[in-house]
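The same chain A turns up in both complexes below, where it pairs with chain B and then with chain C.
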Partner chain A sequence: MNTSRPLYKPFALDPSGLAHLIVTSLDTPPEGIEDSFDNIEVWTVKHAGPGVPVLAAGGIRPFRSTTEQLAQLGHRLGRMTAGLRFYAIGSEAFIWDAYNIAIAAGMHPSEIFLHRAGPFVRRVYCSHCRTMVEDVPANIVTCPSCEASLFVRDHFSRRLAAFMGVKVDAEVPGEVPAAEVFTS
Partner chain B sequence: MKLSLKPQETYRDDYTFSNSDEAILRFPFPFPEDGYMYSVNMEPHVRGGATPVYDKVFDVDEHYIGDMADRAITLDQDPLRCQVLPHMETAEWDTLELLMESLANDYPEHFSLTKNGDKWHWINRPLEIDQTFTFGRKETLPYDPFEYITRQMQGDFSLQDQRDNNLYMDGGMVTSQADWSLNFDVGMSFHEWHGPVPLAHQAGVFDRALQYLLRLQYGKPVRRLNWTMTANPRLDTSPENYPLWGPEKAAITPENVGHRMCLRVELQTLHRLPRSNAILFSIRGYLIRLEELVKVKKWAVRMHRVIRDLHPQIAEYKGLPRYRQYVVDYFAPFDDGRTLNSGIAAEQDSI
Partner chain C sequence: MKLKIEAIATLTPGIRKFTLAPVDGSPLPHAGAGSHVVLEIPGPSRIWKNAYSITSAADAPAYEIMVRRVEKSRGGSAWLHDHAKLGDVLEVYPPQNLFAPQRLAKRHLLLSAGIGITPFLSYVRLAGLAYEFHHCCKPEDEAAFRALLPSGPQMTLHTSRHTLNLEALLKSQPLGTHLSVCGPESFMDMVLATAAHAGWPAAKVHKESFGGATGGEPFVAHMKRSGVTVTVGREESLLDAMEAAGLAPPCLCRGGACGECKLTVLEGVPDHHDHYLSEIEHAANDAVMTCVSRAKTPELVLDF
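What follows is the complex of A and B.
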């Protein structure tokens, strides 16, 4: 087992929490929010038309992009109260970005819960030119900056929220194997 | 024995690096048996033992000047090969103290350290450095303390912070690595940075190694040997520059494998640091061309058996498959089927 890759449990609210902030990169709240919990706030990603926001309603606050959402997360966590539990749901890149923001805001790892959901896509760090390539669906991808065909190693950095990409045909240029679509 | 240093050699472009007969005989050959598998092969780092590179706390050899020049080139091109997270400053000074004291004690003809309270005077004769500074005041040095001293010591280094019952790689000087990236790995926990290593996770090697290292005591360093193979005597086999050195692997042929191919051995030592409680991990690399290695009969025979019988996943991880058969074929004529003694000693006094 490769243990640089974190393991994720199914989503569930933590009964010891007094308030719950659920941030997802998907357009709907996760299943499994039980009625018995109070003080639940859900952030989703959704827009009503090109550039048009969807208004918050019923404890659900949509953002037009994960970028907009994460940009506001630090501010929101800066005014948190004791007992808050924070949940991030989405791609590995998204949930670890959210994790790093929460840690920087002063939360303890035990107050943070991460759940991988949505399409199996990865953020890939180009080892050569340090570009981040977003939403990569398969284990070989071309770096949009330095143009290297990158093999995505099964090595994950929580700090960068990214997998390591290394030129796949460095030894014999052009010798690029067929890409395999991610299934996890 | 007095240490004499060679003039500057190169580890890139024309690759003038070579080992003297003395350097060949003191090479830390990593295979005590005819086969190889991952294990927690750590032992106390005490002076003396199966290879002369164990005689000093930090081993300096004839390649010192060339090693340091190559590090300077790599850092000039990519300063992020040296990174230390801000909370590790005490560990930086711990490192500087340990290295300066060890070098001055073990090689007084080359290095000297004089202390007058916190006013220190450091002389590094091979690199023509004469530095006075105030211990604990980094503005009195031309670089931050960890970078300052590791620009003057062979081998890579990483700094491990110990917290939450784990070790975190929160700093390093990494310019001669076997295909891993400090910029990618910095901040990772012990199991995270070992993530890509095959087989060993299942065997529990890292769980046991971590438990062992968490209990590492000040003044009782430990060591192990690790190895890989490198096409040409190149120090900078980094992921960052794989597009530069990758083609050199593909250029290995049965005709040039003996000259170009190198066995690369790491003497890894781990030292608990006194003030920070961090661990300094020294990864001291040694290169030897296969045509140099075969001058020691026992090693030539053993290399044939180890590489021939190596587990495919380990060969894959170490990047060997492209030229593995050439290496096996190169050593095969030396293997007359004799029984070899256990242990890594050369068992010959001259070449």
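What follows is the complex of A and C.
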């Protein structure tokens, strides 16, 4: 088993928390939270539809994008008090970006819960030119910056929230095998 | 190392401050915030080894410690209060730190009661440490403690535990705060229970406890490998009894905090008083911290 791949438990609220903030890169909140606890706030992303989203009922706050959502997150956590539990649901890149923001805000790993959901796409770090390639669906991708064909290793950096990409045709230039779509 | 008592001050009727300086004027090992030293204290029948927090600055030329006279003292604090005099030379072990300020904390909530103030006196000397400090003491000791403490909005002195609204305080702390607590067991138990109730994760709550080595029923401990049997009296610890029998078991903090003195239990049921083993490890009953824990059964057999 590859030990650099984090393991994720099924989503569940931590009953020892007094307040809960859930951020998800999906457009719907996780199921089964409505009646669970008081003090639950959910940040979603409204991917489709016209206009600026407004605060929906039931403590759900939709954003236009994960970028906007994560930009707000640090400010919000800076105003929160002890007893909060923080949950991030989405792609590995998204949930670890959120994790790193929460840690920077002074949260402890035991207060943070990550749950991987949505399409199996990866953020890939080009180890040759340090470009981040977002939403990569398969294990071979061309770096948009240095144009190297990258093989996406199963090696995940929590700090960068990205998988490592290294030149796939380093041995024989131009020899690039067929790509395999991610299934995890 | 040999340190001599260079100054003695009476802070309150029950607390004395000692200044311990090197006999030959050589520099002392650095003692970072939260450190403690273990002193060898002569007694009528044996030597006591007691741990005390260092309250002086990290690079001070002498260590300062504060000693509370423990009612029904096992020996150490009574000697320091009744017999210690200027110029006495004591064997002092180099400082250890089991209670350093949390490096990842954005700010620190410090809560202490009585003599539990001592580790935090070194904390508040740290430049730039973001903290809020609440200390509880008896009304008659207020002036003495106020003289030791910094003044300012981050510092509050309570003359009763009951003037401290712990629940409101804990619930209003910014997210990046770590809680550190030191004082009598009953005070720490109350703080820890309130913190858990207010949703604080265990990883952000830190406690310092010395003197947890309360007495109890006598018991017998057999050391299987060394073939030595010791009787642990009502007023001494298992570690004390082993040392008195000429054994040299591992130990460090002598307060149930560091884990150094852990021994494997082969037979018998230990009575756990330490803060090192987890609840699961306590329930397994296959290890004992000799410095503070005792026995529920009349005899223990230890792998030593």
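Here is the rule we go by: the second predicted complex is superposed on the first by the 173 of 184 C-alpha atoms of A that agree within 3 Å, B and C clash if a C-alpha of one lies under 4 Å from a C-alpha of the other, contacts with A are read in each partner's own complex, and residues count from 1 in each chain.
Assume a residue touches a chain if its C-beta (ideal position, glycine included) is under 8 Å from a C-beta of that chain, and two chains touch if they have at least 3 such contacts.
Computed from a predicted structure; not experimentally measured.
**Q** So, does A:Ser110 touch the first partner chain B, the second partner chain C, both, or neither?
**A** Touch status of A:Ser110: second partner only.
**Q** Would you sort A:Leu18 into first (chain B), second (chain C), both or neither based on which partner it touches?
**A** In the superposed model, A:Leu18 contacts chain C only, not chain B.
**Q** Which partner chains sit in contact with A:Lys167 here, chain B, chain C, both or neither? Use first/second/both/neither.
**A** Touch status of A:Lys167: first partner only.
**Q** According to the stated criteria, A:Thr81 is in contact with first (chain B), second (chain C), both, or neither; which is it?
**A** Touch status of A:Thr81: second partner only.
**Q** Residues of chain A touched by chain B versus by chain C: which partner has the larger set?
**A** B
**Q** Going by the contact definition given at the top, which residues of chain A touch chain B in one complex and chain C in the other?
**A** Chain A residues touching both partners: none found.
**Q** Mind pulling up the chain A residues that touch chain B in the complex?
**A** 1-5, 125, 127-128, 130, 148, 153-160, 164, 166-167, 170-173
**Q** Under the definition above, what is the set of chain B residues touching chain A in their complex?
**A** 181, 183-188, 191-196, 201-202, 206, 239-243, 245-247, 249-250, 322
**Q** Could you please specify the touching residues of chain A with respect to chain C in the complex?
**A** By the definition above, chain A touches chain C via 16-19, 77-78, 80-85, 105-111.
**Q** Which stretch or stretches of chain C touch chain A in the complex?
**A** 104-106, 170-177, 196, 198-204
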